[in-house]
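Attaching a single structure in structure tokens format; questions to follow.
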Amino acid sequence: MNFGRMYNDEIEKANVLVEALPYIKHFSGKIVVIKYGGKAMENEQIKTLIMQDIVLMKYVGLHPVVVHGGGPEINKMLKRVNIESNFVNGLRVTDRETMEIVEMVLVGKINKEITSLINKHGGNAVGLSGKDANLLIAEKDISNGDIGYVGEIIDINKDFLMMILENGYIPVIAPCAIGRDGNTYNVNADTAAGKIASILKAEKFVLLTDVSGVLKDRNDERSIISKINYQESKELLNSHFITEGMIPKLKCCVKAIEEGVESAHIIDGRIPHSLILEIFTKEGIGTMIVKENSYEEN
Amino acid sequence: MNFGRMYNDEIEKANVLVEALPYIKHFSGKIVVIKYGGKAMENEQIKTLIMQDIVLMKYVGLHPVVVHGGGPEINKMLKRVNIESNFVNGLRVTDRETMEIVEMVLVGKINKEITSLINKHGGNAVGLSGKDANLLIAEKDISNGDIGYVGEIIDINKDFLMMILENGYIPVIAPCAIGRDGNTYNVNADTAAGKIASILKAEKFVLLTDVSGVLKDRNDERSIISKINYQESKELLNSHFITEGMIPKLKCCVKAIEEGVESAHIIDGRIPHSLILEIFTKEGIGTMIVKENSYEEN
Amino acid sequence: MNFGRMYNDEIEKANVLVEALPYIKHFSGKIVVIKYGGKAMENEQIKTLIMQDIVLMKYVGLHPVVVHGGGPEINKMLKRVNIESNFVNGLRVTDRETMEIVEMVLVGKINKEITSLINKHGGNAVGLSGKDANLLIAEKDISNGDIGYVGEIIDINKDFLMMILENGYIPVIAPCAIGRDGNTYNVNADTAAGKIASILKAEKFVLLTDVSGVLKDRNDERSIISKINYQESKELLNSHFITEGMIPKLKCCVKAIEEGVESAHIIDGRIPHSLILEIFTKEGIGTMIVKENSYEEN
Amino acid sequence: MNFGRMYNDEIEKANVLVEALPYIKHFSGKIVVIKYGGKAMENEQIKTLIMQDIVLMKYVGLHPVVVHGGGPEINKMLKRVNIESNFVNGLRVTDRETMEIVEMVLVGKINKEITSLINKHGGNAVGLSGKDANLLIAEKDISNGDIGYVGEIIDINKDFLMMILENGYIPVIAPCAIGRDGNTYNVNADTAAGKIASILKAEKFVLLTDVSGVLKDRNDERSIISKINYQESKELLNSHFITEGMIPKLKCCVKAIEEGVESAHIIDGRIPHSLILEIFTKEGIGTMIVKENSYEEN
Amino acid sequence: MNFGRMYNDEIEKANVLVEALPYIKHFSGKIVVIKYGGKAMENEQIKTLIMQDIVLMKYVGLHPVVVHGGGPEINKMLKRVNIESNFVNGLRVTDRETMEIVEMVLVGKINKEITSLINKHGGNAVGLSGKDANLLIAEKDISNGDIGYVGEIIDINKDFLMMILENGYIPVIAPCAIGRDGNTYNVNADTAAGKIASILKAEKFVLLTDVSGVLKDRNDERSIISKINYQESKELLNSHFITEGMIPKLKCCVKAIEEGVESAHIIDGRIPHSLILEIFTKEGIGTMIVKENSYEEN
Amino acid sequence: MNFGRMYNDEIEKANVLVEALPYIKHFSGKIVVIKYGGKAMENEQIKTLIMQDIVLMKYVGLHPVVVHGGGPEINKMLKRVNIESNFVNGLRVTDRETMEIVEMVLVGKINKEITSLINKHGGNAVGLSGKDANLLIAEKDISNGDIGYVGEIIDINKDFLMMILENGYIPVIAPCAIGRDGNTYNVNADTAAGKIASILKAEKFVLLTDVSGVLKDRNDERSIISKINYQESKELLNSHFITEGMIPKLKCCVKAIEEGVESAHIIDGRIPHSLILEIFTKEGIGTMIVKENSYEEN
């Protein structure tokens, strides 16, 4: 019997599925926190594919949690209302007036756009800010001196988030937190997402970025590291091989792993269906950081 | 035995409680939709008392749902970004750019302020826009011609709202709805609140206003009608006794009663603890509209 | 804006409610054991108000448990059937024949009267004796020598009582207990109620008496102590200030606190709605005994 | 192999069990209402065996409900307190004072004795009067003119009784009912038990009497009818064969069948273990009244 | 940006997954009855792939039910014990002795082999015959005269099968049924599987065969009909285009559709992963029979 | 009154029931593992009575688990297919071909016969082999050297068995186990049953044998030991009084007790209703082995 000619394509398809199905079983009911930002937020086509991937993940039983950044919209609006930006060590000094505009844009514009886009693709998204149900509790971040209402997440309302997830909804979170002092704080979206993943003991924390992943050789896009463990990551951070932009991203992943997340992923949000590929294929598409190297045995 | 002198105050207190307790039992687990807007939103002290009342209502087992309006903040922001306002029949023509600002202010500013204020007073509020979980579905309102993104609510996500309520949270809803066409629509807060009350089959729909209630004689603030039934309300609407500003409010209440709400209330939000008084005392404080006059027997 | 003249009464009402509502929340689902006896059992009007209070407590979510005494009915019946009473140290020698009459009157008359009176006011009372489901287990009290079938409670059927409470019923308990030896024992109603409160880990144990509460100066009815802690109570018991009649009552309260009841209350059952006032107002109406002085922070 | 001599007794035993087990399965979870009264209430040894039978029934999953009569105790007490008895058509005129004594004896003495006796044999009995949870609602019976507080049951609190049953308790009911007029009524124990069985849709209604059952020939104790259907019973009632004393008993059974009880039984309470034998053996011991003759097929 | 060269394979993979995921969601919790027989049962490699597919189906939430045929093993055994085979119209006359051997081979050999093979690949299979829990009830099939213990299924124990499925097990069923007359009946595996699918209201009934599917032109293996509706199938059965061997298979499918199965599939069991391909890809691999042509809209 | 003559039989019956009912309560919901084999499997009448007993046990709330042996059927079949038997130390050398026949007979014939017989008598039996749901896991038994596929149970799928039991089914287990090496193993039915009882923490483990029980004097059938404790059993095993055939049976019981079974019973399966008699009567019919002598107090 020779089916070779006739069924090559089908066999290919079957192999993809046979590879993916065990992942679908393994990840069923697990939480995946996705930091969504950068260029993947600006290109309409990529945006659509990412929303589709998130909806598909929910379809097959995962619990995606989306945390988004701000992008150029904030700057545009600040300019429009004539608020000047002052910087310290490259960080924006955030006074109360600035904070108000940041919150309006993040919560009242970007968050709602992502929420409706997911819903348009068949998902059931709920846009949330850190004030809703005291979702994100922050304290002032003074590691760079007093630069205003810039904060760091110290706790989240886990029960509320679990209620949202277990009832079939996809939470979309704007990184505006509430302080115990009653003030509103702007928090960095990457670290916010990492912290949420840690507290939820997420299966995966995925950083959608504008790069292919962590490279062995910063000059060769093809030298991407497909998998690295916690120990190796820390060594890499101390070496000179890693690009400057990657340092905070990798640190953020290492911290999430340290605090209980199963694996962290730095992937290129610009590749079509990067989320689906990273999660449901053996090779993945970017860099996966794990605690130890034992993952393959699963 | 004569306790007269000594215990007069206590007997007074006891009477208030003995009057209130059956209401507390009767309303336990029932939904009360509160439209919050107007001057009650501007005075800091009144605002605090209203938030306190809402939290107390939740404490004793009711399910308050807050729907808020926009107030002067929207106008301030539109001016700040130099968007001119055009009006048709007194209604603002809402183009896409205006809609964006309206949404940002309602959802990203006012909604978040109310949410945190309730949380500060011990409640557990969740701020929501009509896009979250497709909470408010609208269609274009063309009753005044095409004046842009002005809509009317045609459906709500009742399951989502019930989940929020039954898990102990207080929903705070901004009247920005999503159209089946994917567009964002601005909806009138009074009619939105009435519609939400109808679909939830609420026990009560409360309009917090800047007037004492419905007056028999528009020149006498003390001629307030304490209770009126559906039939009488419709007759009153056809008479000349009612003030012009009251007409849409009363119509809104009549419609809610028609669609299944147990009772509607027009009360003066400026009176301290007006909500608590209207709900837990026999006399109430404003005007109650009921289907029929049989309520007292309960 | 001046509402002063017009709304003074309403503001007063609102304040009573705002004061009471947090108590209602705090006590929801909690057990309150009420010893009902003395003059409050003889005056028809007072009796009615107390039944009303008990029903209201159940309405708003508390779980009242009523333990009643015997009063003059027992003596009347003993006389009628020509049973002579002998006393040792002021305590009645209770032979088998006396016990039979005591049981008939307590269980077959007084208990049923209270039960129907509560039911008449809208409650759902179930009259119980210690024999029902082995509710009250006693052993012979020989602290005053052998004076017959006088016992002390050593255990209760907590599961049975919780079933009654959680299904919406109000238990009304006659203090006739069953011994492990199969005999019927008469037990003191105050100590029985205290023991029941202890084993149920009740929130409150309330002794309805014929006095205002514990007085600082036994000659001044107005010198009532509104709140006293466990330590202070014990000191007071060793001092000379307390009236003789109050000593066993206070001891009974101190023991209940010792064994896990949150607070004990000695209140004047003759004051209208004394129960409601003691439980739902900050000041209360009698004397509250607590473990430590930290209660106000709740 | 010959086991004949050795195992005859065992084979006998086995046969009894093999006969009984299907009944145990069939009746599991079913309600059996037992009217307990007459001589079976006076002989100590018989009393003990009946209590044992009731406990065994509960053990193997049935739900016995006991309704008891008064017996000579009431007369004894009335005499002791010098209340004279007047009769109309052989029925006692029950004024308020008589009613009080009747209630005290039934509820405060007889009911408690049965309750403790069941508990002593390992059961979990709860003694109840018609006032508890408004268990028995009566209206005045004027079929014999106005003879005072004599009533007929018109409703029972089925939910309460089911709660008692399903939580493993055995209700023991004294036939004192509460009127909608607030008065206490004395009701006939046989008809009360029949009515309770009807409303509970009991599997069986058992009348423990002082006779062997229904006889074909009133002069021959051995002419007992083992099984009779509804139609035949009605015919028998119209014939002359039945003894006068049996007429109301049989009528009571016929009515219970009419109102939904599966089968009614008139058995001789004086025979040791009559309850167990009637329920768990094919032949039974007294007379079983069924709707139709199809029972054997079960 | 050009990922073309680099990511072509990944995009291919992603597309397969994006195509499959909605099917996984759609079929979650649905029942798929698979008739397993023929050559696919003889080739070790194909057997392994089919077992793997069945396990994967269970992994992602479907409920596969396997019904197997007998194959050459039965003949081998009959020969070994010298039982001669007589045929009527090509059907084996099945006397009691033959039936015993058939049952031993089907239930005690083939069924156990399939069961352990599934378990070896990570599934949780339970081998069942029609006698277990009276799973398959048959009556004698006399459509070909009396040819012995050949039966037709008339009922199944659906509750038992659902219990097996819902607890995570994969039932593997041998087509030996029990008659109401107590006899054992041999039933045709194809029709047995179809009947089981009908009674379970299965989402899919899949016939694993030795042919590619239904052909338009019996001489062209490539003329396979990918999808056909109920009406068209019946017409096809009346035409001359269909091969003789396909007739009973197609009839069996048509009947299953008629009795409530959502879709029936005739696929080539010899193609690797044919099950996975048919279920999780849009094109499928064989012939799908549906009620109406509306399926694509899902 | 003299019922002596008339009711002697009834009183006898009542006594049997009064004796049995507490056992029925005590054993409700408990597991009884029954090893069924030997002569009791060959006599049709005895077989029927045993099946009836098993069904009755399930009726009244026990959970019987049946483990059966093979008997002469295996030898008959081996002979028929000309497989010669070789023995080492009296144990059959079981090569792969022999194993196949053993499995076919045990699983495909004997197991199915018992299963349908129980079902015919009103039970709900499910025949299982050790391969179903990996029910019995074995490892090779090399205590007698390598004699082929002879194994010992090392684990069972307890969850699966509990699911079967709790859903009202009676498992009938053939002692064919699956090895972790994928091979099929034949296991001794007695020790298999004992192991299953141990892992299930069964209330009882009953060995149905062809002897009366353990005898004090091997020459006197009437010297049967009715009850013996663990310690005494071990001493007995070391003495010379016990018959050779009884040694492995008693050892098997002692091991089950050691591993947590409440009591083990060796009874004569040939006595009618031996199961019912042993379980529901005080005396029993065979020998009961218990941990300690305290059983009577229950």
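In this document, chain identifiers A, B, C, D, E and F correspond to the written order of the chains, with residue numbering beginning at 1 in each.
Simple rule for what comes next: a residue touches a chain if its C-beta (ideal position, glycine included) is under 8 Å from a C-beta of that chain, and two chains touch if they have at least 3 such contacts.
According to UniProt, the chain labels map to these proteins: A, B, C, D, E, F = Acetylglutamate kinase.
Computed from a prediction, not measured in an experiment: that's the story for all the values here.
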Given chain B and chain E, the chains that contact each of them: A
Interface residue overlap between copies chain A and chain E, same or different (over half shared): same
Centroid-based (C-alpha) most distant chain relative to chain D: A
Chain located farthest away, centre of chain C as origin (C-alpha): E
Centre distance in Å when chain A and chain C are each reduced to the mean of their C-alpha atoms: 60
Centre-of-Cα separation between chain F and chain D, whole angstrom: 44
Residue numbers of chain C (touch at least two other chains): none
Category of the chain touch graph - line, ring, star, complete, other: ring
Chain order around the ring, beginning at chain C and proceeding next to chain D: C, D, F, E, A, B
Touch list for chain F against partner chain E, complex: 80-81, 100, 103-109, 112, 115-116, 119-120, 124-129, 131-134, 160, 163, 167, 169, 176, 178, 182, 184
Residues of chain E that touch chain A when the two form their complex: 1, 3, 6-7, 10-18, 20-22, 24-25, 28, 52, 56, 59-61, 222, 270-273, 276-277, 280-281, 285
